[in-house]
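Before anything else, here's the structure in question.
Each chain carries a letter (A, B, C and D) given by its place in the written order, and its residues are counted from 1.
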Amino acid sequence: MNYQLLFVLSFVLFVVGMIGVAMRRNVIIVLVSLELMLNAVNILFVSASKYLHTLDGQVFVIMVITIAAAEAAIALALVVRLFRTMGMVKIDDLKRLKW
Amino acid sequence: MELNVLRYIVLSPLIGFLINGIGGKRLGHRAVGLVANATVLISFLIGVYAFTVLLSMPVNERLLTDTVYTWISAGALTIDVKLMMDPLSVVMALVVSGVGFLIHVYSLGYMHEDRGYARYFSFLNLFMFSMLLLVLSSNIVLMFVGWEGVGLCSYLLIGFWYEKDSAANAGKKAFITNRIGDYGFLLGLFLLASSLASKGVLSLDFTAMAGHVALLSPAVLTVIGVLLFVGATGKSAQLPLYVWLPDAMEGPTPVSALIHAATMVTAGVYMIARMNFLYVLAPTALEVVAVVGALTALYAATIGLVQNDIKRVLAYSTISQLGYMFMGVGVGAFSAGIFHLMTHAFFKALLFLAAGSVMHALSGEQDMRKMGGLRTKIPVTYAVFLAAALAIAGIPGLSGFFSKDSILAAAYGSGHTVVWLLGFITALLTGLYIFRLMSMTFYGESRIDEHTAHHIHESPKVMTVPLIILAALSIIGGYVGVPRLLGNIFGWHDSDMFVHFLAPVFPVVPAHKMPVAVETWLMIGSIAMAVLGVFAALYVYVTKRMQPAKSAAQAVPGLYRLLLNKYYVDELYNAVIIRPLMALSRSFLWKFFDVWIVDGTVNGSAYVTEWASARLRKIQTGDFQVYVTIFLIGVFSVLAYFVLR
Amino acid sequence: MISHVLIAIISVLLVAAYLAAVLAGNPVYSALSMGIAFFLTALLFVLLGAPFLAAVQVIIYVGAMLVLFLFIVMMFDLNKSSLTPVRFKPSTILSYFLIMLVLLTGFFVARSVVRMPSGFAITGFGSARNIGFNLMHYYLLPFELASFVLLVGVFGAIAFIKNRRGT
Amino acid sequence: MDFLRENILSVVIFLPLAGLLAGAFINRESKSALRWLTLAVAVIEFAVSLLLVVWFDPSATGMQLVERYTWIPAYNIEYHVGVDGLSLLLILLTTFLTPLVLLGSWTYIKKQEKDYYLWFLALETGMVGVFASLDLILFYVFWEAMLVPMYIIIGVWGGPRRIYAAVKFFIYTMFGSLLMLIAIIYLYFAHGSQTGAYTFDVLKLYGTYLPASVQGWLFAAFALSFAIKVPLFPFHTWLPDAHVEAPTGGSVILAGVLLKMGTYGYMRFAMPLFPAAANAFLPYLAVLAIIGIIYGALVAMMQPDIKKLVAYSSVSHLGFVILGLVALNIQSVDGAVLQMVNHGLSTGALFLLVGMLYERRHTRELSEFGGIAKKMPVFATIFMIATLSSIGLPGLNGFVGEFLILIGSFFAKPAYAVFAGTGVILGAVYMLRTYQKVFWGRTTNAANEGLKDMSPREIIVMVPILIMIVWIGVYPKPFLAIIQSASKSYIQYVRPRAAALPVYRQGPAFRTPERLK
């Protein structure tokens, strides 16, 4: 099996997700892209797990999924909060940190 | 010989100071006065006891010591709190505690009305402590403790009526001027210590030093001598650091008598006498001392001629007399200098106290132009004043005559003709100014205004008794040191007792032996000068009612004004030293250098940083996607580096 | 061999789904595309010998996260504020679900292709048992920490969303 | 008791921290409980620190009461504390001043009392830690840790420009100490690569061989850091700002203890670690110290604000300490160490007194005062004693230190003492000028009419300091005995050949001069 191809695949997917994070202005889409990046990593883990024939990769995936779930929950809660207080979800309006 | 009661001479006034200083207000006048006087009296009595012990010892072993504890110990340098009493210190200690005690008693009456009664006496006791420490200490550092201590008390007592700006300023001036002198003194001390140390002796004990100064080169000794003398010019009000003493008259009059006439100001003379072992090896330094002393004597006497404030005349007179003392020690006649120190302590203390009594009678008036004719109104004061005036003028038979004459004789005999001449002229001026004072105060018609005249009264007993005792001392005090010449004439065996007593401490002055005829003529000359001065003053100020003085002042107004304004030395110091220094500090060092240059650099670097970050900040858009992009570029750059290298 | 071909196909589809999710004008489409990507990933996992993970992937990502995303988007009508004024069409959404259905079927097909032993991956390389053993033995502490993080995440989310009085 | 004896230093270091923890549980509204608690902690701390003196052997050389535990094994960083005479005195000064400062702040602090008192305890731990640390990293940690409480004390309870002053203080000090950190790390690797033993133990690092040029750089880094702290001219400008803005307690600790960390750093680290460089830099340091003495005094002379004046006078006084340290003989170094303590006492006393005046009148402008002596005689007396101590009047503490420094520096190089000695004159000028302007003259300002003299609490604050001022002045021997072994080993580290200099023979005991026999 050509594992290199799988690694390249996960890399490509990761980059695509990154582009989403970096370019999109809609918060929801940014978050979706973030999840997709994590997913790309998962693919890498599973491929590597098969390649190296150890289960560690798969165990890590469990971890990643857990963290991703927590992250999604928090992020979406933030979005809700944001929407309630500021009435918008556009990323480039979130410049409050810079004064 | 170890004699452990010495420490109580010093300690007793200190205890008095502590009791009055802390207990002060709560004790009440009576207790405060009692404590202050009793402690000084105890010192005096112990001093007398020690004196008798000293007398009972063989002449060359007359030395008592008392080691109390080790004060400073750093490496090889050890400084003990150790007292010593040799003939020189015992003279000083007895004069200080004796005259001091009389002035304490006098103060009971003089200061009775004052609000700061307890404060006054505690300072006075502190002064006695410091002064006795100064004269009894056995090493130069401990002596410096007393030296500075008396300076402090002088400061506190000059500024005693601190609400008067003039008093406050005078106190500060005294302290700072003294500090300038002390700076010289300290440098001299350091040079002495370090040069002795380089010879392997690190001790500042007088006796140890005496045994080793011969190891040092004359040049070093001369520098040390001059530096120490700088200290003396500060403390003893000699040129050029005398300026504080006239102003010091702002203090209460007994203080002027005690500190600024009888005791503290003579500390410089004592110091040079104490360091005689060094000075005899440094003739150039002694020469400096003699010349400065002679110049000061003449200089101050000329100023004293025209002053109108009774205390200021006495102040300049003190400076002038101190000049005599330095002249004496400067020509190597240490015992003559100390002799004059002692007699001067008697009559000058008396002059001041009597002047205080005059002021007391006149409700505090100090301007002699508003006095006159007091002779009959306050006879006791007049009588004692006259005794003192005759003594200071050098009228034969009174104490001042003997001491002043021995100084002049020594000056001439040792070949210091110019110095002698200056002293000789000063003798005339002395008679002149002191009888000018007498005339303006006690003779002639009264110029006192009605209101004051009404209140004139003789001082109470507590004040007059010390005056009378001092008057007695002023008259007979000189007989302990009758010059050999006179002794031979009158057939006294014990003539020159004083010199003999001090002989173990001082080297013999060989130049003192000169032909009898010369000595006789010198004596006759100085008597003539003194008498001339006295009668000239009486003639001008009493017989002619000041007219000649006034016309003389009009004839040479420039000179008159120069003298009246004390040669403008204060103004000169002000313009040349004080103002430029203040201007330099304020305008240049502080407002420009410190604020602009030093702090400007510090703040400037902060501003540059801030400016740069304000520019760099533009990169920080706050847009997190920009950050992500930059971050990604970074990640890929690193990755690319590792992949492609 | 079949699995190789399937992996290749799935890879191509994954890239497509990713692009769709990232480039979608509408967050709803984006989220749905994400769901498809997750399904495809699950397929891939099965083919790579991780059936348990595949199941987890479907359950958590598709079952929970996708629903969460859609729920948020729908509930707050986030489109209002988005720049793209595209309205989503029911037909498009339906087609997304259809794709998912197809992929679900594919999941089972794939399972049969790799011919799992009887029972759903009870034993073997990527089996639940093995993973569980690993988790509970070698990775117990990280596992517990992860669960703790998840718990904190839950609390955090609640705390954020809760409408505090006065704010 | 054995436990205490073995861990006495740690107890002294962390006792205030324990007090802080206890205080943290007290409600911030119960202010008097907080005050009494912190005061009690500080007093107990002082009592415990006295045990250090009891267990300290002045005749022994080297560090005593050492405690040593591994802290970060990977880099061989240790928790290593110990005292010699130098650090012992400075620790005592710290523990002595802290309770007085707390008592002095009783009514001065009027907001967020809880934070103030607790920060002070934190500060005390930091200060004692700095003086006790023998591991460079531990030292560095305490050094930085102590900055924070002081920063907050100035920044929260200070005067109108407190933020400016606090930030300036913090960043300036931090700037220097970062350079020092780099030098520490360099030293660590240099020593490790030579001997194979990687250590931050300062005692072991003393012997490190370094090329002269490297020593120069490292010494410069250390010296700059400490020069800022001292502060040595021209790094002094943070000091007047910080002093003027800090609350009384802050000023006292700042002047009394924090400045000593700079001089302590010179004596413990900068000079002995890099002896070759130190010897090369000596003349420059001496010149800077002398400039500082004269410059500080001249600028102080013209200040209209009392606190600023005292601050500049600190520049002058600390110049003496540095001069004593660089003159490198036993007298001057003994004097310098004693002068550190003296300056802490006299300047601390002055700041406390100025604070009391400020509490009454809310101004420190000289021109606002005049004639106070009549209204507040006790205050005037105590202020006078502090003033005299500050100008080095014999019989009070300042003289002993100044005298030893001057005589020692004269031994080293007469020119040093000649120039530095002028500071003695100028010191009298500015202090007496201040005293006259504040206390003497008539009460012209109506606001000064109703001034109340010192309260019993204020007198209690001042009396211990006055006792120390007189004690050191009259009987400094015990203090000098504690110092001597520390200063001896300091000189030996910095100038190993000093031992070969002629050993001064003790002057002969009393003897009649030759020619009188």
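In this section, a contact is a pair of C-beta atoms (placed from the backbone, for glycine too) under 8 Å apart; a residue touches a chain by one contact, two chains touch by 3 or more.
Predicted model only: the values in this text are computed from it and were never measured.
**Q** Per the definition at the top, count C-beta pairs in contact and tell me whether A-B or B-D has more.
**A** So, comparing the two chain pairs, more contacts are at B-D.
**Q** Report the chain closest to the protein's overall CA mean, measuring from each chain's own CA mean.
**A** Nearest to the common C-alpha centre lies chain D.
**Q** Just the number, please: Cα centre separation of subunit A and subunit B in whole Å.
**A** That gives a centre separation of 92 Å.
**Q** If you average the CA atoms of subunit B and of subunit D, how many Å lie between those two points?
**A** 37
**Q** Just give me the whole-number Å value for how far the CA centre of subunit C lies from that of subunit D.
**A** So the centroids are 66 Å from each other.
**Q** Which integer distance in Å separates the CA centroid of subunit B from that of subunit C?
**A** Spacing between the chain centres: roughly 102 Å.
**Q** Specify, in ascending order, the residues of subunit B that touch 2 or more different other chains.
**A** Residues of subunit B never touch two or more of the other chains.
**Q** Which positions in subunit D are in touch with at least two other chains?
**A** Residues: none.
**Q** Draw the chains as points, connect those that touch, then say whether the picture is a line, ring, star, complete or other.
**A** line
**Q** If we use the touch criterion from the header, which chain pairs count as touching?
**A** Result for touching pairs of chains: A-B, A-C, B-D.
**Q** Using the touch rule from the top, collect the residues of subunit A that touch subunit B in their complex.
**A** The contact residues of subunit A facing subunit B are 18, 21-23, 25, 91-92, 94-98.
**Q** What part of subunit B is in contact with subunit A in the complex they form?
**A** 620-625, 628-629, 632
**Q** Which residues of subunit C touch subunit A in their complex?
**A** 4, 7-8, 11, 14-15, 18-19, 21-24, 27, 30-31, 33-34, 37-38, 41, 44-45, 48-50, 52-53, 56-57, 60-61, 64-65, 68-69, 72-73, 76, 78, 81-84, 125-126, 130-131, 134-135, 138-139, 142-143, 146-147, 149-150, 152-154, 156-161, 163
**Q** In the complex, go through subunit D and note every residue touching subunit B.
**A** 168, 171-172, 234, 236-238, 295, 298-299, 301-303, 329-331, 334-335, 371, 373-374, 388, 393-395, 399-400, 403-404, 406-408, 410-411, 414, 417-418, 421-422, 424-425, 428-429, 432-433, 436, 439-442, 474-477, 480-481, 484, 502-508, 510-517
**Q** Taking the touch rule as given, give the residues of subunit A at its contact with subunit C in the complex, in rising order.
**A** 1-2, 5-6, 9, 12-13, 16-17, 19-20, 24-29, 31-33, 35-36, 39-40, 42-43, 46-47, 49-50, 53, 55-56, 58-59, 61-63, 65-74, 76-81, 83-84, 87-90
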